[in-house]
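Chain nomenclature is as follows: A, B, C and D, assigned in order of appearance, with residue numbering initiated at 1 for each chain independently.
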Amino acid sequence: MILTDSLLDFFLETRKHTEEICAPLEIEDYVVQPIEDVSPPKWHLGHTTWFFEEFILKPHAENYQLFNDDFAFVFNSYYESVGKRVVRSNRGNLSRPAVKKVYNYREYVTRAVKELFEKEQHQNLYPLLEIGIHHEKQHQELLLTDIKFILGNNPLLPPYQKDFNCHQPENHLQEWIAVDEGIYEIGHNGNGFAYDNEEGRHKVYLQPFIISNKLVTNHDFIEFIEADGYKKFELWHAEGWDWVKREEITAPLYWHFIEGEWHHYTLQGLVKVDPNAPVTHVSYYEAFAFAQWKDCRLPTEFEWEAAQSKFSWGKRWEWTESAYLPYPNYQKAAGALGEYNGKFMVNQKVLRGGSTATPQKHTRPTYRNFFQPPLRWQFTGFRLAR
Amino acid sequence: MILTDSLLDFFLETRKHTEEICAPLEIEDYVVQPIEDVSPPKWHLGHTTWFFEEFILKPHAENYQLFNDDFAFVFNSYYESVGKRVVRSNRGNLSRPAVKKVYNYREYVTRAVKELFEKEQHQNLYPLLEIGIHHEKQHQELLLTDIKFILGNNPLLPPYQKDFNCHQPENHLQEWIAVDEGIYEIGHNGNGFAYDNEEGRHKVYLQPFIISNKLVTNHDFIEFIEADGYKKFELWHAEGWDWVKREEITAPLYWHFIEGEWHHYTLQGLVKVDPNAPVTHVSYYEAFAFAQWKDCRLPTEFEWEAAQSKFSWGKRWEWTESAYLPYPNYQKAAGALGEYNGKFMVNQKVLRGGSTATPQKHTRPTYRNFFQPPLRWQFTGFRLAR
Amino acid sequence: MILTDSLLDFFLETRKHTEEICAPLEIEDYVVQPIEDVSPPKWHLGHTTWFFEEFILKPHAENYQLFNDDFAFVFNSYYESVGKRVVRSNRGNLSRPAVKKVYNYREYVTRAVKELFEKEQHQNLYPLLEIGIHHEKQHQELLLTDIKFILGNNPLLPPYQKDFNCHQPENHLQEWIAVDEGIYEIGHNGNGFAYDNEEGRHKVYLQPFIISNKLVTNHDFIEFIEADGYKKFELWHAEGWDWVKREEITAPLYWHFIEGEWHHYTLQGLVKVDPNAPVTHVSYYEAFAFAQWKDCRLPTEFEWEAAQSKFSWGKRWEWTESAYLPYPNYQKAAGALGEYNGKFMVNQKVLRGGSTATPQKHTRPTYRNFFQPPLRWQFTGFRLAR
Amino acid sequence: MILTDSLLDFFLETRKHTEEICAPLEIEDYVVQPIEDVSPPKWHLGHTTWFFEEFILKPHAENYQLFNDDFAFVFNSYYESVGKRVVRSNRGNLSRPAVKKVYNYREYVTRAVKELFEKEQHQNLYPLLEIGIHHEKQHQELLLTDIKFILGNNPLLPPYQKDFNCHQPENHLQEWIAVDEGIYEIGHNGNGFAYDNEEGRHKVYLQPFIISNKLVTNHDFIEFIEADGYKKFELWHAEGWDWVKREEITAPLYWHFIEGEWHHYTLQGLVKVDPNAPVTHVSYYEAFAFAQWKDCRLPTEFEWEAAQSKFSWGKRWEWTESAYLPYPNYQKAAGALGEYNGKFMVNQKVLRGGSTATPQKHTRPTYRNFFQPPLRWQFTGFRLAR
C-alpha cells in the first residue's frame, strides 16, 4: 500500500488533472450529450466528486455536511444501491447545476478529503481512496473521449487543442512474434493497484500462436475499404453485418472522404489521415471483419497478456476476441462497490492496452477494459494473430 | 403600412425584448433540448437572426458579408428551400457556436438591418421586415415556453424569475353567452398585420350555441381528476386514450402531488396550484375529455371568433374543436416564406387567444395558432361551449 | 323502418355475402396480419359475428348459450366497454380458433338471430339489427381490402380471382362543374339508414367553387411521378414530406415498375396500369401534393356533398380536405355503441363516395368514411376542386 | 463415415420424423410467427427441404428441375451467399405457398434425393447429406419449441398433444461432484458426426471446482421468486436488470399464477408446476441471478464437458457461463455452409446438454448450442457450480 503522503498527493494531482483536461472547453461544451454512451463533461466532473463524497466523506468524516442534498441524485451513475439515479439518456438535458457550481462542489469535496486525511491517518480508508482515484482516472479517459465526440459531431468541427498530440506511428517493421504452447499465468500478481476483475491470478493453457508486433495501420485499413470490405457480408458476424447496414457504416468513426482523400476529425481538428498511424475508432465488428479478410484473427486476452512484453503498446485500446467474463474465483465486492465491474460481465468484449487518452499510471499488462462490440467512440484499434 | 421610423423602432424593440427574456438564464440553460418539440434558447436567438440575414440582408443589402457561412446550416429550421437543415432532434447536441458568439451574431445582424433602413427607405422591404418581426415575436413566446420546460424538467426545479407574473385568476362569475344562428364573417379584415392563414375573410353559417365567459379553472380540473376522469376511457378519443395509457398521464404537465396537495412548477418555481386560476398545460385530448365529462364540447374556432368580443381572453391559448385547415381561397406565398404556415395544415388543432408568454401586439381576434393534439408545453387552456 | 321480413332477409343475405367474399381463399390466407391496419380475414368473420352475439343475443335471447366464452376476448375490436380486447397488432399471431370453428360460430349465431326474430317481432331490436348488418357490410369492404393487402404483399403475388372486376375507367371528358356561393344543407335527411356521424342535418355557407366531374387518372398520376412530384418538398405538407422520405414512397401502393412500364397488383393479379382508370391506393398526402402541383386543391366534404349529384361516383373512396369532426349537435350514443364513430374524430380525414370493394346498399351521398392521412390500403382516389 | 444405406435410411427417417412432429397441428398453426425468434412451422418444413435442394440437388443432380423458382427466396434463412432472403420478421405474413404445396415440395425433394443416391454412390456427397440431416434435426427441435410458443401464447391455450411427455423429475438426491485441477481435453474426438464448432480438440487448464449432479428444480426457483429474487438488482447483470424491468419479468416463460398456485403451459396444455421437475424456459440472466442468490455460479462449458460423464443430462439445455467463441484453430467452411456457425460467435452464450425437444442421435457431450442471453423459448434450464 502507498504511504499516506504520496497517496494524498496522488489524489490531489488526479483531481487537478481532471480540471486541466477541461481547461480548453467553452461552458457550453460541458452540457451536451449527443448519444447515450457519451456523458456531458459536467457530469464527469460531478460524478467523480460524488464518489468521494458518497463512499468516504459521508460515512467517515465527522460532521460532514453534504454540499447539496440533490447532487447524489444528479451525479450517481449506475450505483443502484445508493438511490434513484438520473436516467442516463437524460444527462444531456440538465442545464443545472451550472458548471461553476460543479467546480465549487469539486473544490469543497477535495478540501474535505484533504482535511480528513491530514487530521488523521485513516489507514483503513486507503483502499477506498485509491479506488476513488482510479475511478477518476478512468473518467479522465472517458472525458477526453466524450469531448472528442461532442466536438467531432458538431458541424463546425471545432478543435479541442491545436497542438494536442493524438497519433503516434509505430515506425518499426511489422513482424510476427511466435509464442509456444503451454501453461501461462494470467491476472494480477498483487503488487500495486488492480481492479477486482484482474485478480485471481490463474493458469491457462495456450495453443501455439503468432501475434503481430504492430497495430493495424490506417494504410492497411484503407486497403480494406478499397477492397470493398464493408460490402462483403462473408467477412462479418451476422450481427456485425446488420449493424453495417442499419448504421450505414463505410469507414471508421470521424472519417470523412473529402476531395478524393480520407480526412478525420482529431482533437487538433480536421486533418488528413496519416497512413502510418494505427487505425482507431473502429468497432469490434470492423476489427473482426478486417482480420477475416487477412485470414487472421484477433488474439484472445490471454494470448495478448502472454505476449505483451514483446511489443510496445499503450497508444490504442486493442480489441481482443475474448468475451468479458469473470476469472476463476472472482468474487464481487459487497455493497455498491461491487457494482463496479461484475455487473457488466455479459455481452462485452475485452480490450487490452491503453490509449492516447489514458492517464499516466492508469494501465498495466493485466488491465481489462471492456465495451460492447459496436462501440467506436473510444480510441480503439487492434492487432492480428494467427 | 406602418411608417419607417416606427417600424424600425418596432424592430429594435423586438430584438431587445428577446434578449431581455434570456437575461435570467445561465449560459448552460441556452444549450439543452430535453424533448424534440423544445428548442435550445441559443437556437431561438440564432434562428430569429438568421431569418433577417437570409431574407433581407443577403438578397437586398449591398456588399453584405455573412457573419458566418455555417450559420445558415445551424440556424435554419424547417425552411427546406434554403439548404440542408440541422435535424431538429439534434439541436440540443450542439455546444457550438458558443452563446457569446450568437449574441455577436445578433448584434451584427441588428446593426446591418438598422443601417440598411437608415440609408434608404426600402419601402418594398417593409412587409418582409414586418414578417421578420412577427416571426421573432412568435419565437419570444416559444422561448419562454421552452425555458419553462428546460427548467421545469430539471430535478432541481430552479425558478426562472422569482417575481414572474404567471397566473391570473378571472375573478368574475361563470356565465353562458348565447350566440344566435346565422351567417358570420370570419378572418382578418385587412387593417394591420396578419399572417396569411388568417386572410381570406369569408362567411360561415353558425348554428345557435352558448359559450362560457370563463376559462376552465384548476379547481374544475381537480374535480375531473378526483372523479377519475383520467381512468374513464369513454370520455376520450381512441388515440387520446392510447396517449393517456402510453404516457401514463394523470394530471396536467408540471403538476406534482406533494403531501396531499397539488403543486405545479411555474416560472416562479414550484408553488401550490391556485384553484381560481385557469388550468393550463393540458393537451387537446384532456380538454376534450373534460368537456365530455361536463356534457359540453369545445367551441369551433369560428364560434370562438364570433363570440370573442364578449369575453376577456389572452391569458391562455385556448384549444378549439377545429382542425387547422386553409380558409377558402388560401394561397401559399411563393418560395421559402410559403413554408411558414401552409405546410402544417394537417393533423393539428387550432388554438385561439394568447398567453402569459405572448408578447405585446402579438395577438388579435383572428390570430390562429396551431399544435398537435398531445402537446402540452404551451400555456394551453380551454373554455366550454354547447 | 324496414319491415321485419325484409330486414331478416337483408341480414341473411349480408351474412352469406361475407362468406362469398372469402370463398376464393386458402385456409392460410385467413390467418395473417402483415401490418397493424390489416386484420386477418378470420378475425373479420368472427368479429362481425361477435357483434350480433354481444349486442343482440346475449342481452335479448332467452337462455342463449354463448358459443364459446373466450370468443368475446378474441373477437372484440375496440369496444373498451365490453371487456379486455386482444391487442390489435397481435391478431395475426392467433392460429386458433381454427377457421372451421369460426365458420361454426357464424352458423350458430346466424341461426340464433334468425330464430329470435322468427319467434317474435322484437321491433325494438330492429335498429340494433340494422346497425349490425351495416357493421358487417363495412367489414365486407375491409375484408376485400385486407385480402388484397395480404396477397399483394406476398412475394408470389397470387391472384384473388382471375376475373374480378376491379377498375372502371370513366370514359367521359373531364369538365369543371361550377357551384354557386350560398347556404347548403348538409347531412342525412332521415330517410333510410345512416350512421350517427351523418346525422344532424345543418346549414353551411359555401364560397363559389368549381369541381371536376372526373377522378384523377393513372395517366395524370404518372405525369406527376415523371415531373418528380415525389421529390419536390414544396408540394407536400411537412409531415407528408417526412412520410415520403421515411417510407421511401415513389408511387402509389401496389405499383411496380417492370421493364420500363408501370404495373400494379390487383385482385386479378399483377397487370399493367390502365392509364384511363382512376388512380387508387394513394394517401391523403399524395392527393394533396398532386393537387398543389396542379394549382388546385381537394374539395371539402361539404363541397363534395353539395356537388355530388352532378358527377358519377362510387368507384373510389375520395379524399377530401375536411378533417373528420362532429357535425353540430352530434351526440355519441350511450354505451358501447357510442364507441362506433365519435372516438375517432381527431387526426383523420373524411373520405366520400364508395369503392369497388363497397358492398351494395352501403353508401349514399351523406356517408362519411375516415382514415388517417398516410393510409393507402383502401381503394382511395381523389378529384380536384378550385 | 456411415455407409450409404444407413445414411439414406437416416435421411428418410429424419424427413419422416419432421412431418410426424407436425401431425397434431391445424393448418392455421403452420402460418403464424408471434415473435421474431419463432418461425412458422410451414417455414421450417420448407427451409429444411430447400437446404437439400440448394446444396445437393441443384449442383449435383443431373437435369434437376427446381420445384418452384421462388422458393429459394421464400425459404432461405440467413444464407446471404445464395440470394436475397425473406426478412425474418416477415415470415409470419406469408400465407402462400399453402401448407399443402409445402408438403408437395418436401415429397418432391425427398424423392429426388433418394433417387440420386440410389442411382449412384456419390460418396463425395455424404458429408453434405449428413450435414443436411443434422440441420433438419436441429429444426425439429426448433419446430417443437416454436409450436409451443405459438400455442402457449394463444389466449385459448390449446394443447399440442394431451399425452406428450414433457417433464422428467430427476429423482436422485442433490450432490456436489468435485473435479480436480489440471489439464483437460475439450472438443470432438473425430468419431461420428460433429459440427465444425465442436472440432479442434484442444487442451484447457481448469481450476478445481464442484458441480451439482442435478438441475435446479421448480421448487428451488419458486423459492427464488418468493425471496424477491426478481426485485433485487444486486443479483443481476446490469443488462439483465434492464431486461427484467423493461419486459416486466416476474417468473419463467409460460408460468401463470392462478388462484394461489403456479401453473405453466406445457405441450400437454396448462398444468400445475411440478416442484421436483427441473425449471425450464429461463433466460441466462435468470440463471445467473439465481446462482448469485445461492452464492454459486454457472459452470463454464469446459467444466461442464469435463464433468458431464458423472451426471445424467439431456432433458434441458443448460446455460453455461461461457461466451460462444471459436475453439483454437477454428476455420469457417468456405461458401454458404461457412455461415452455419461462425457468424454467430459474438454476444451469445453456450448451452450444453439437450432437451425434451431434441431428436434422438442429435446431441453428444461436445455439442455446443448457443443463444442470446434473454431468450427463453427453448427448453432452457441450468445447474450450479462453485
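Quick notes on this one:
Assume a residue touches a chain if its C-beta (ideal position, glycine included) is under 8 Å from a C-beta of that chain, and two chains touch if they have at least 3 such contacts.
All values reported here derive from a predicted model rather than from experimental measurement.
Minimum number of contact steps separating subunit B from subunit D: 2.
Path length between subunit A and subunit C in the touching-chain graph (shortest route): 2. When you average the Cα atoms of each chain and compare centres, the chain farthest from subunit A turns out to be C.
Residues touching across the subunit A-subunit B interface largely coincide between the two copies, over half of the numbers being common to both. The distance from the centre of subunit A to the centre of subunit D, each centre being the mean of the chain's C-alpha atoms, comes to 37 Å. Note: centroid distance subunit C to subunit D, computed from Cα atoms, is 45 Å. Residue ranges of subunit D in contact with subunit C, taken from their complex: 26-34, 42, 70, 73-74, 86, 90, 92-99, 150-151, 153-156, 158.
By the touch rule above, subunit A contacts subunit D in their complex via residues 78, 80-81, 183, 202-205, 207, 209, 233-234, 236-241, 284-285, 288, 297, 321-323, 325-326, 328-329, 338-339, 343-347, 349, 373.
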